[in-house]
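Should a chain be cited, it is by its letter among A, B and C, assigned in written order, with residues numbered from 1 in that chain.
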Amino acid sequence: MLNRFWKKPLGFKLSTVWIIFILFLAIFRDLLPGPAWDESTEALGVSPGSPGHFFGTTQDGFDVLAGIINGARLSVLVAVTSVLIGGGIGTFIGITAAYFKGKYDKVVNVVFNMMLSIPNLVLSLALISVLAATKDGIPASDSRKVFVMIISLIIVIIPILGRIARSATLQWSTREFIIASKSMGTKDMTIIKKHIVPNVAPAILAIGFFAIGVVIIVEGSLSILGIGIAGGASWGSMLAIGRSYLEFSPWETYFPVACIAFTVLSTNYFGDYVRANLDKRESKI
Amino acid sequence: MGAASFVVVMCLRTHRGHMDTLRIIVQRLVTIFVVVGVATFFLACLIRLLPGDPASIMVSNALPDQVLNIRRISGLDKNVFGYWWQWFSNMMTGDFGYYYQAAGNNPVSDVLKRSIPTSILMVVYVQIVALLVSVPLGLVSAYKEGTRFDRILQSILFVLSSIPSFALALVFSLFFALRWPILPPLGYATPGENIVLHFKYMVLPVASLAVGIIASYTRLLRADVIATLKEDYVMMAMSKGISNSRVLWKHVLRPSSTTLLTSAALNMGSLIGGTIVIETLFQIPGLGYEIAFAIVTRQVIALQTLIAIVAFAYVFFNSTVDIVANIIDPRTRERRA
Amino acid sequence: MSPVLKLTDLSVSFNTPRGMLKAVRSVTIELNAGESLGVVGESGSGKTVLSRATMGLLPRTAVRTGTVEYLGTDISNYSAKEVRDLWGTGMAMIFQDPMTALNPVRRIGDQLTESLVVRLGMDKKAAQEKAIALLKRVRIPDPDAMMRKFPYQLSGGMRQRIMIAIAVSCNPEMLFADEPTTALDVTVQAQVLELLSELRKEFNMAMILVTHDLGVVAGHTDKIAVMYAGDVVEYAPTRQLFSNMKMPYTEALLKSIPRLETPTGTRLPVIEGRLPDPTKDEPGCPFANRCPYVTDKCRAEKPPLTDGGNNHFYRCWYPIGGAQ
């Protein structure tokens, strides 16, 4: 397997290494040495490379490296849960709509269209501002904000992947082997499981990778707008704080920006890679 | 966003049928209003789901009779549908609602008068810059397909298309506004106030937004140009003995640009939404900035109006996009007739 | 006077993933002003590549060896720019499919006046007038209206006439017509061929007419080169070729043309089998597997191009009617 990995293009190798690295940070956050991310030190605005603070510290005295490691956990949590759940729901709705057709499909199509007609950042902004609101106007707690963000992103993801699943299924459901299977009295759910899902999976996987990038960018954007996660608990939140000190301690902004950019780059690369291989497979059929 | 626009294009293509122009226009208008109507109704439902009373959330420390007044003016005292219908029908007559504040109510239309032109200018600049750069790049890299130049350019473009615009905005402002202060870091002036200053303020935001778009436009155009270069009429044009650049610009570009211009048109709508972060970072009072402001200050009525305008722009460009394709490629006229 | 075109040992290969594909093998041909040569062969025989290679209109993967002389000058080592300067004004080409060879998004007038303005430096008005005159010459009704039309509004025959008008617009010395009538209706085919012959005499052009149909070249060429698997297998003046056919392959080609006098219901003879793999160099005559007169010698050794006298060349061990 390793042998096959080395034969892949350079971009593939770099992306894999980066994603594994981020997953490693996210999973083993608590076992890694170094100061805690939310523990203020005496050293304010220390530049990178200083002893004890490899990535420097923020103007408020937080260790940037610790923040990055902690932010990795949150980014992975938000991205993976929202894309998996939202993608799962969207795929299910999309496939069943395209397979069973009729009124159900028409309703699904209109709803997807409508949701896609609002730019995804605006949609998640609106959802979060509504869902995160509390009765008395006091800002919601961080854990509630994370939960609300995941819910909102799930809603954003559903139509994106749902549309792809629907159009891919529409293409496949007219193929002979599916019609043949139907005519032999195979149960619909069996056909979907055995014939449709394996065939539409690559297309959905490709867009799923892009969706992870979308989620990470939206998370960063929300923090910049001041309605995301606060206090430096995520990459977006770190740069949202850091950008006020851009002139004095740019590393506060650079490291989270670089992490966001590399992660999006890696997932986009995988998306592109899956899609390119998909095209190759299609052309062989 | 890319995936979504792709789906919309495919969807529109299949909808081409034997219809006369008037019916198409009527059908398009109905579609636009239905989609915007349903989307805003959905939003109205969300607003009514808010825990607590939207009227008292909008104005903190409001007096009880002030809250009652707000509820009456805004229609929040009616049921969801009644509330939505009042807002929607007011929109049609040019009443865009109010920012409700303790000191008094400001009409949203005052904000729109300033923010819509600002956003439109910014989006237009982004499109112009993006097309000016991506068209030559796309033509050349397609012409040199597979060469080292092409492969390096493709890798660079892939990286650029993946970098979020806010990341570029932060990098650009550090270098060009703080380290070497040749441009103002934030702020805005309308062209009427000071045209030179206007462009100075626009350089960094437009550049941050344009880079990713340049990358995606170039990749789109390159793919289509590669396909066009295999056409007989390109060889025919070459056999006339005219220069390669003339062949590319006069014979190859136009038949290859349908996808590019279609997605540029689709981008018009999504860009207005996509400028939110950039407008906030650079403090440019456009639609995106106002949306973020309305959310932070919980001005739900204003928010609903602003989102409706963005959605309208988005749906408008989505559903008129095949008209663009029509202008570029006369063959589609024949298909319809 | 030197001939308009002289090809010496012209070979073309393509770099493909399966190896070097030999499309044209060492072809030698000569053509004088006003003379017309038919290049005949089935698809894959290399006839189209031959004409494009002569002009230099080949993709980057192609490798060309041998010399091409144009009006006595060797142009095989010309730079891309020098070759391009010959295109249109010296050598022009008419493409096979008029449906795809005109730019679908540009008006006929623009496509027709382009060479006149860019290559001959005419001003717009003069180019417009010349274009209309050309359209009249190729017998297009209502040429003024035609200038503003798009290709999709025209029939195949009309488009082919326009292509011809474009090709002759800069008075080239040499015209390549690549299957100019294949995509057209039978009735239109004859008109287009007639038009080409007229124009050739009028402009004193040399012409290479590439086709798979021996019937097409019969009345419109001075000499014929029959190609098979990249080789010229028979090369003779038209009259000579039809009266004294030497190659079994040429004979088979002729038999596969439908004739008016054939009773309906008779099966047309087809040439069984396929062309040999162009990426491999197998010994023997490439036609051996399909030839009705094949012997062991044919399978073992490739016949050379033999001079049969009267400018008649053939590539066969056992020519029809015997060697002269």
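Note that a contact is a pair of C-beta atoms (placed from the backbone, for glycine too) under 8 Å apart; a residue touches a chain by one contact, two chains touch by 3 or more.
Quick caveat, the model's predicted, so the values are computed rather than measured.
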Greatest separation from chain C - chain, by CA centre: A
Most centrally placed chain - per-chain CA mean versus overall CA mean: B
Inter-centroid spacing, chain C versus chain A (mean Cα positions, whole Å): 58
Chain A-chain B separation of Cα centroids, rounded to whole Å: 22
Inter-chain centre distance, chain B versus chain C - centres from mean C-alpha coordinates, in Å: 53
Residue ranges of chain B in contact with chain C within the complex: 231-233, 235-243, 246, 250-251, 254-255, 328-331, 334
Chain B partner contacts - residues on chain A that touch it in the complex: 11, 110, 113-122, 125-127, 129-130, 133-137, 159-160, 163-164, 167, 207, 210, 213-214, 217, 220-221, 224-227, 239, 243, 246-247, 250, 253, 257, 260-261, 264-265, 268-269, 272
Chain B contact footprint on chain C (complex, rising order): 55, 57, 84-89, 92-93, 95-97, 100-106, 114-115, 118-119, 150, 152-153, 163, 166
In the complex, chain B residues that touch chain A: 1-4, 7-8, 10, 35-36, 38-39, 42-43, 46-47, 49-52, 57, 60, 155, 158-159, 161-164, 166-167, 170-171, 173-174, 178, 269-270, 272-274, 276-277, 280-281, 291-292, 295-296, 298, 303, 307, 310-311, 314-315, 318
